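Structures given as structure tokens follow.
After this come two complexes, each holding chain A, first together with chain B and then together with chain C.
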Partner chain A sequence: MPLPTLVCPDAPGLIERLHGRTLAVRVDEPEAIAGAARGVRSSDNELCCVICDALRPLADLDLRDDWDGVPIALGVPEAGRFRDLAPSIPRLRDLDLRVYLAADRPDNLVALRLLSSLGVPCCATFAGGAPDWAALTDLMTYALLASVPHAPIDPFEHIADHYEPPFATEWGATCFADPRCYLHLDEEGRVALARSELLAGVVIAEDVADIADEADLVSHPALVERAVRRLRLFEQDHPCARCPGWRVCLGTLADSLDTAPGCAAFFTEMLDVIDQRRDQRSRDREPVKWRP
Partner chain B sequence: MATLILKATEACNSSCAYCDVVHKPRQGPAQMSLPVLERVFHRIDEFLRESPDEELEVVWHGGEPLLPGPAFYARAVELQQQHCAETSARVSHSVQTNLSLFSREFARLFRQLGMDCIGTSYDPIAGVRGPGDRPDTAAYNAKFMRGLRIAEEEGFGWGVIYVVTKLALERPADVFYFMTNLKLDGGVNFHPVLVYGPEPRHLAITPGEFADFLGAIFPVWWRHQDRYPEVEPFRSFVRNAREGAISLGCGDSGRCSHSHWNVAPDGSVSHCGRSADWGLLPYGTVFDHSLAEMRRDPQRQALAHRNEVLPRGECQGCRLWAICHGGCPLDAWADQHSFDHRTPWCQAKKKFVEEYFEPITGLRCEFDAEGRTVQPA
Partner chain C sequence: MANLLLTNRCLRACPYCFAGRELEPGGRGTSVSWEDAVYVADFLFRSGEDRLALLGGEPMLHPEFVDLLLYFRARGLHLTVFTSGMGPAATLRALEAHLPAFDGDTLQFVCNLNDPEQTPPARGEPARVHRFLTAFGPWVMPAFTIYRPDFRLEFLFDLIGQHGLTRHLRLGVAHPVPGAPSRHVSPAQYREIAGRLCSYRPLFERFRVKPGFDCGFPMCQFTDAQLGWLQRLCGEAARFECGAAIDIAPDMSLYHCFPLSRFQRRSLYEFDTLADVNRFYDRLRDDLHAELPGIFEECDDCIQRREGSCAGGGACHLMSRMIGEASVRLPEIDRALADVGVPGRARTD
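The block that comes next holds the complex of A and B.
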């Protein structure tokens, strides 16, 4: 396992202290994206991407020229009015950009489908409340089975690409929430396994230098505790433990199950859709069309 | 392969509601002494030297076989090195444990015995497994999961038996998903609970109920075999139907008559765990007889004889004979006090095959005398 990418604030002092690491830099304002990318690239670290959780709708953002060549994870609360967004679509397509939208807003599910259909990679996030599971199922089915050209919608695309039965698939990495792939740093360089834990002050190391190699991380009690937490669902006979969709969920929504009563049916359906997609791809043939 | 079931102890730190081993009237010691253990390894070496083409599997069993502690197994490692220096390559070891006491020290010792896989059992339903008269399921589950985590971290594979009780009949899908989620890559084996006495009747199931339990989960398994591999008895039924009779397990093999020894903690030898529990088929002790001598014990003929009697009697014309052989002889004895009968559990197999397996798969479970599949013309 390679050392995880470090998700850190755009803090020059911190970035200068890091050497030879891959960084995902978090900025508060879209206007800071290009500068943050330059800052990393001028250090002896490698840029993974710039993460920006913008507070404005996508349609209202200025897709700046200096974003060219910068990998961007752009979180927005909503897409905004399509008539305002439409002129920006070619530019969005040209950029190395992925749009993140919370799945708990029905209009966002529509926007994700729209963006995907227009060639803009995007990702549904699950940090908020319960989504409309039926609508989300439609979106997932479109993402994985629609034969019309469209950009990937994560985490569905990620899960479908990585799922190897009978084993389970982790997909937290699609939103920087898998500590085996991403660790989170604050300005002082303290390390947390998740952004939520960093914000809550739950850190696993006072300095990233304390996690010098893979062994330090793999054996770290906090990471072990995460595995234990998963086993605890079995220990408690939690509904997630007996969910048919476990292989592509792994209890990700266990803590919010009371607000997500439709998740089992959704993830179960996803497994079947993935099977269907594989079957579809393995046949790999053009449909025979009617000809005069 | 010759199989030596080694009961390191008949004590257990759990009192699973359906298990009678801890209530069994015991005359000898609960735990095997080191002199008995040493004698066992001496006998193993002696047997393998006399039988250069044979291999032998030692199945550490109980009670809970980890109760004697790591020191006991450290001694087993030494004794094997000491007594089986030239034959140990033909000895393999396996263990059936509830994992609640498993530790990194056990992992190290089991690796020294050549083990890379552990057999266990589990039930998520409260009140079935655990210590105490009213099983403390929560405490038991926590210890099991801790042991399981250590086993996985130490790189051990594992397989798990699920014992189907009355309580599971209400939620077959839950149980199936739970067990296959816990063991993603398979190695899950569904067994019916075997209740012999008047208690605990609230857990007992009929053969028909077991067939219906299997039938409730079989369509899911059949449709998604890549998702849920190695679930038994489904995998074996499919292999049997497709490739010819391979049987369904030791109890149904019809070949156990000369392949098994069970060594109790006091060194007395019987045929298997259940025959020992019931005082049947006593072959002597490891101090009095060699394994080869006990393998020639005339009492074993009663088991071999069953294979001659049943096809001409109760099993005559049964198309499942080649994979079932009338079921486990000990089940027959429990029901009829004679080995020369088929077991009540034959009905479970037949019902499952006829009502679920064949209609769902389109495969036919029919075998000729040599065990080859016979498909309809």
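The block that comes next holds the complex of A and C.
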């Protein structure tokens, strides 16, 4: 297992302490994106991307010139009205950027489809409440089966690309939630397996220096516990343990099953859609050139 | 080109309306969803088609009309909006603000205008239409539907001059709706209509306005002299066609055109490309013409019809005529007649 990318705040003191690491820098304001990228690139670390959870709709953001060449993971609460967003579409396409929208808002499911259809990569996140599973199924089907060129919508694209039955497919990495790929640091350099755990003060190391190589991580009790927690669902005869969609869900929504019924049908349908997509792709098709 | 009905809501109640069965005059109506808008844009891309006409009802009554317009443009489509000009004030303001997004010929309005004296306007119609034409005049092609032989065109030349509308007048005739009552022009009235249209020659020439025909006009109803004048004025031969309009309803159902909306209605999801749709409806129209070549007896032997320079009038006339006949047509046509609710034409399958 290679050393995970470190998701850290834009703290010069911390970044200077790190050497030869790959960093995803988190900033609070879109205006800080370019500066954060420069900070990492001027250190002896490598920039994975800059993560920004903006509080304004995508349509209201100034897509600055200095974002050119910076990989950006841009979370927004909503896309905003299309009439306000339309002038930004060419710029969004040009940037190395992925838009993150919470899947529990119906208008966000529409926005994900619009952005994708216009060539803007995006990702649905599941951190909030229950999505409209029927609408989400429709979006997932569009993302994976639409024959017209469109930008990827994660995590569907990631899952479809990586699903190899009978093995389970991890897709938390699409939103920095897979500790095998991303560890989360605070300004002091404390390390957590997830952002939520970092915010709750649950850390696995008091200093990032304690996780110096893969051996420190692979056998770390917290990471082992994380894997075991999933297996316990089977011991508890949890509904997830009997769900055909387990191989792509991995019990990610197990804690919210009461508030999010419908996930089983969604993930089961996804398995079918992935099969259809593979059939579709196995047939030789002329690639169609993207035309915005 | 395909037509997408953004909404089936309309504020007018034109006496000649042949879209009536598809519209919901009162209430909120049904509007195209964003998901389906994306599907239509994808469908057109797959079809290699870069033009789309937006219809209603009144398309500007779609609550997100401006947003949809900008989306379709962002998908590279050239857009024609067929409107009565009766858009909400807020929509017109937003449209005005976003006009710079449409360069060149990427957006055009075709505004169907009624003679205020012969066709009583809807409530607030004159003021609304005036506001629309004032704001968008140069983007607007005027259109007029002929539904009575004593029609008048003077008001259109006034509007063209007053608002700087494009100097091309789109002329349609009111068509019958098979199986439903509607005010329309009968084949016996076409010659009188052609004569009246050509009586406006001085105005067409003085204002340098070119007439263009929507579907259903038969060529033979114009004299050679009238056809010659039309060709000289327009710089090209007039077309006398009846092609599939391909109307896509807000629920993604699909039909040949408004008058034949109950004739072999299908779903867009049944087809892969627009060419498939066209082939499907062309075949049905060919079946109709195999039974009845045209709206006149003379169509049987007409060389212009055989060579394709005239369609022999509208297919909706043929279908309307068959309704009153014994059930002796092709099974496909009998089934279609059953679909439009003709008594005694039970489906055989």
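Criterion: the second predicted complex is superposed on the first by the 284 of 292 C-alpha atoms of A that agree within 3 Å, B and C clash if a C-alpha of one lies under 4 Å from a C-alpha of the other, contacts with A are read in each partner's own complex, and residues count from 1 in each chain.
The rule is simple: a residue touches a chain if its C-beta (ideal position, glycine included) is under 8 Å from a C-beta of that chain, and two chains touch if they have at least 3 such contacts.
Note that this is a predicted model, so its numbers are computed, not measured.
Aligning the shared chain A places chain B and chain C next to each other free of steric conflict.
Our angle of interest has its tip at the CA centre of chain A and reaches the CA centres of chain B and chain C; in the overlay it is 110°, to the nearest 10. Touch criterion not met for A:55: it reaches neither chain B nor chain C. In the superposition on chain A, contact of A:231 is made with chain B only, not with chain C. Using the contact criterion defined above for the overlaid structures, shared-chain residue A:145 touches neither chain B nor chain C, since it reaches no partner. When the shared chain is aligned, chain B comes close enough to touch A:271, but chain C does not. Look at A:246: by the touch rule set out above, it reaches chain B but stays clear of chain C. In the superposition on chain A, A:87 contacts chain C only, with no contact to chain B. In the superposition on chain A, contact is made by A:166 with chain B only, not with chain C.
Think of it this way: put the two complexes on top of each other by chain A, and the tightest Cα contact between chain B and chain C is 26 Å.
Per the touch definition, chain B reaches chain A in the complex via residues 124-126, 138, 141-142, 144-145, 148-149, 173-175, 177-178, 181-182, 184-186, 220, 224, 226-229. Against chain C, in their complex, chain A makes its touches with residues 81-83, 86-87, 89, 110, 113-114, 117-118, 138, 142, 146-148, 150, 291-292.
Here chain A touches chain B in the complex through residues 165-168, 227-228, 231-232, 234-237, 241-244, 246-247, 271, 275, going by the rule given at the top. By the touch criterion stated above, chain C contacts chain A in their complex at residues 34-35, 38, 41-42, 45-46, 64, 66-68, 70-71, 73-76, 94, 98, 101.
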